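Have a look at these structures, which come just after this line.
In the two complexes that follow, chain A is the common piece, with chain B as its partner first and chain C second.
Moving on, here comes the complex of A and B:
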């Protein structure tokens, strides 16, 4: 506070901040602004208000948070406080928003959480380990069908044999779904990760189509193209009934947060540094003793495992599985969403996945053309801002910080000159 | 035996179309280093353009999302010009859109020499999405019939039934590919193009306009996809999502045959077509697509230069 008052009159907030940061203090003005904006973002949408102005206020508050994040250097105390508060605010929003919403909105939000997990996996594989995987929908499908088959003691027939599968509790089924996807990813990844770039994309794409063919044609196992209905009414976890849409959404949200936490932990661990070394310069990483193959395989299989877990959640979310949901087109969607959000960032995939889930129905201006615009957005983004939304945000912040810093330096110089003259 | 001949023949016809698509795909890779994930959509789009020009929807309108003049019909119904004339009209459109505009607006900007090829991969996946969804909205989700140039007659020499369409497809695509091969091998421009593809820097030193040669390959690719569209659409029907599987089999054929050879792509195409038909008839019709895909995975893993390709210095 003292720094703010000591700054020369007529300066904007930005300069104050930098002054404060220079002296190692917290810029309370910005923190307060961020708190207010976050609180508004979280509380404004509560209930079903028909007042259109609320949406504008809400958008304004969002812009406010983004602005606060742009104005502070990431490494300063203010920056850390504002960043964590933004994250907490977003989480609080995801918790508070569903209160009093209709089932269809909750379904949208659930899709956001589930596909968010998939895209976090894609981001780990591509953004951190630098491998293009176009098989995420296939792994999603494997997870979904595994979890469906392990419910209710289903009878399956494959080839000439038929057997009855055990009825497994939901949580265990989710774990098995994730593990199965991981096993498949190791089987395909172990030989395939030798090849680079587009070739790996082709291999994974072919694998995805093979998975689709099996799901579509093994009627005894998967019910074929008619799909399987899988009602959620018998699912409860730790005594909590997951049948109500809101409970199930919160259940998915827990997994989403856990996925973010896992990736956050991986990226900060020695593993994560190995991944970054790999992505930036595989040859140098190898010469420094990073076991390329094991690490990429790990990233690939964790990404697939996340997709498998998401698949188990997805099946119960829409209470129906059929092979069309796991076609190549869906893999393209996950891939594009991750890229648009920003590869190699933690929040990027979540920004990206909102383009293919919650925003599809909300942006009515675009109407039927929504997905055309989304595709164009991807193309244009590759041309002008290949780092995606989150990456561009970081670049913008860096540029603003540089400019603010320069201005601060010249202010300081002026003031020093001024103090020498006045006494 | 007669069944086998019959199945093999129609497999060859399908394969010839895959070969056409694969040759274009491989050409772009060879000369420009561009991998086009929207290749299938590049085949689906001319098919729809031909339909609109040819007979099915003879009115040109301004789409509703264009502000101010949206939703108006311009010029009234076009005369029905038949599919062959529509094909002729479509070629320059395709060369302009899928050749020139594609190269200048995307490939030139995203493909820096010695750089990463993933940005172009991402952008072409996005482009594929744009074309697919645009067709879905504008053209409708239901597949539409597309007339065959060669008619629907069936010849029956002996106990074999051979459709005229298959014969026509085979003859036309092999002729087109042979003509292309002759052009590349026998003409001065063809030599220049080969040189530009093999070693751009040396070619440039020798005074070959490398940029223009690359542009030519994009034009050739546009013509090839239009021919492929004309030949393949009567069997697959014109549909908005037809591009996904077509594109995938074009890649498959190119990869199996070998990326760096027109010959390789040709044989790759035939092999994919034959494998599809054989496995469809003798193993299981549900898995007719599976065998080519498995073969592609094996080829990428153990013989990345392709079955008929020559190993390159390029590391993949």
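Moving on, here comes the complex of A and C:
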């Protein structure tokens, strides 16, 4: 949360020259350290080096970045510089890391980007507007199937009628997929608005089940449980061939960055405040003029729209769709990833998604027991860090900042006493 | 029957000044219990109206009917002569009916400033415009002035949930004012506030009333607080309107004495 609210922290606004100088010196060192650490994180993994020393260095650099972020006051200029640099570093990493990687790694990264978009939406609905939605996999499925059906002039049959669907360019298909999910979310949003808390979760879950059943049973439309193969070889956007895994990964990454930017814009705008008011206390929000029905529908449909767009990307990423990919279990995965990563934070969902995508692959050594481990991990996380990874990070930073501030003040007091005694 | 007469006299006696909110024959039942029974009164511009009565006499239910949290079974609510009885709460709020709740209600995860900005922002511009406006919507000055007025300046960037009860109460009250409403309904503003801060709270309300011409209706249990503050007092008993009058009239009325001491 604290990354979003942009109020200046009360850490003394340089009324005292000594503090300003002292803090300035510390700040510069921190900025330099953060620059070096970020550069190392971005460049070290390039070239698939398996040399253990480099991996250690890399881990050290990662710790360095995290440390720098913990040590800077959030809204001082240092904090802003370090924060933006870390963001730029992460982005650079996501751009540089895939160079020279295998197709399977690129697939995992692609899943990270696609599911990241979904969880950013989940986070807007749940973390900011406070509504539990367990239908995100359903919206993902709607988006995926819409984009698949709008390719290649498919013939579909529903209830005895059959038509040929138009062949729509990929980018347009993505947009239509997102819009279709949005429309469905508004349709179920109206009745769902009448219920709160766990009951809303049940309603959304039931909707997801409904989507699954339709996808599974309407064979004329969706191909049923056999699924549809949807090769990527004919897709190019603005003359760029998206068939190579790396190109397609970059394509997904662009959407991920755009999704983060959109949600960032929304939560820092007045809408973000209204969403948070809705989460904290809907009755009070309404009494202050917040139209809770419209805002809830907005949050819901933006979340669903993002999932729909992600669905269109997902279908071409794995080049195959079948209903099982959009079962309610997948919704729970998105939910858990968002919660574990940190509700109501911007990076939280992405951290959570990295757990369910990239780490899934790395932990495949655990075989079928992987899900057991993941479940245990979630339980432990909720006990130790109920605010998720990003939320705990913010709490830790606040605590460190408080202590640093106290120490700085006491040192300053000592120095003042010293100067007074010397003459 | 005597209640109906006193309703009418209540309306007639105080017909000086422009009527802001007009409550007409409001009735609300829960199951077999008539929580509010045919209550009518007017709220005039620039006055402080006290609403008193023993526990369970329907004061809060009446407020909830006026502000839209409940839909009354019968009767009308008019704001500047416009019937708002069927409007949802947020629409009434935008039209100028502000309130606080009996239990403290602030947005705990937000800073004091953001609480006040939230309370003000929905009254400005359209929803679509708000998405593309600057995050502070040019509200900083207004919000800071109000924070200053409620003596919360040193806490402006603090998370509202971290404030003490009394400070949250001040913030809660301030949130009702930030949009410049036509009438403010305060539900037990003195509840749970320590005596030292009580005078402070009274001062704030009187200041807003006299210097800004703000109109108030105040539900309160603390008699001393309300008699020292209100221009006019409405007394409820078992959902019905017992009488309306100046604090002195109400204090001297045998029926009121009976309700509070005898009954």
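The definition used in the following text is that the second predicted complex is superposed on the first by the 390 of 423 C-alpha atoms of A that agree within 3 Å, B and C clash if a C-alpha of one lies under 4 Å from a C-alpha of the other, contacts with A are read in each partner's own complex, and residues count from 1 in each chain.
Following the convention adopted for this analysis, a residue touches a chain if its C-beta (ideal position, glycine included) is under 8 Å from a C-beta of that chain, and two chains touch if they have at least 3 such contacts.
All values reported here derive from a predicted model rather than from experimental measurement.
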With the two complexes superposed on chain A, say which partner A:285 touches: chain B (first), chain C (second), both, or neither.
-> second
For A:294, is the partner it touches chain B (first), chain C (second), both, or none of the two (neither)?
-> second
Answer with first, second, both or neither: which of chain B and chain C does A:376 touch in the superposed model?
-> first
Check whether A:271 is in contact with chain B, with chain C, with both or with neither, and answer first, second, both or neither.
-> second
Which chain A residues contact chain B in one complex and chain C in the other?
-> none
What residues of chain B sit close enough to touch chain A in their complex?
-> 35, 37, 65, 106, 109-110, 116-119, 121-123, 125-130, 132-134, 137, 241, 244, 248, 251-252, 255, 284, 286-287, 289-290, 293-294, 296-297, 300-301, 304, 315-316
Flag every residue of chain C that touches chain A in the complex, lowest number first.
-> 67, 69, 88-91, 93-94, 98-99, 101, 105-111, 113-114, 117-119, 121-123, 127, 130-133, 135, 137, 156-157, 175, 179
Within their complex, chain A touches chain C through residues 1, 5-10, 265-266, 268-274, 276-277, 279-281, 283-294, 344
Which residues of chain A touch chain B in their complex?
-> 132, 191-192, 194-199, 201-203, 205-207, 209-210, 213, 216-217, 328-329, 332, 335-336, 339, 367-369, 371-372, 374-379, 382-383, 386
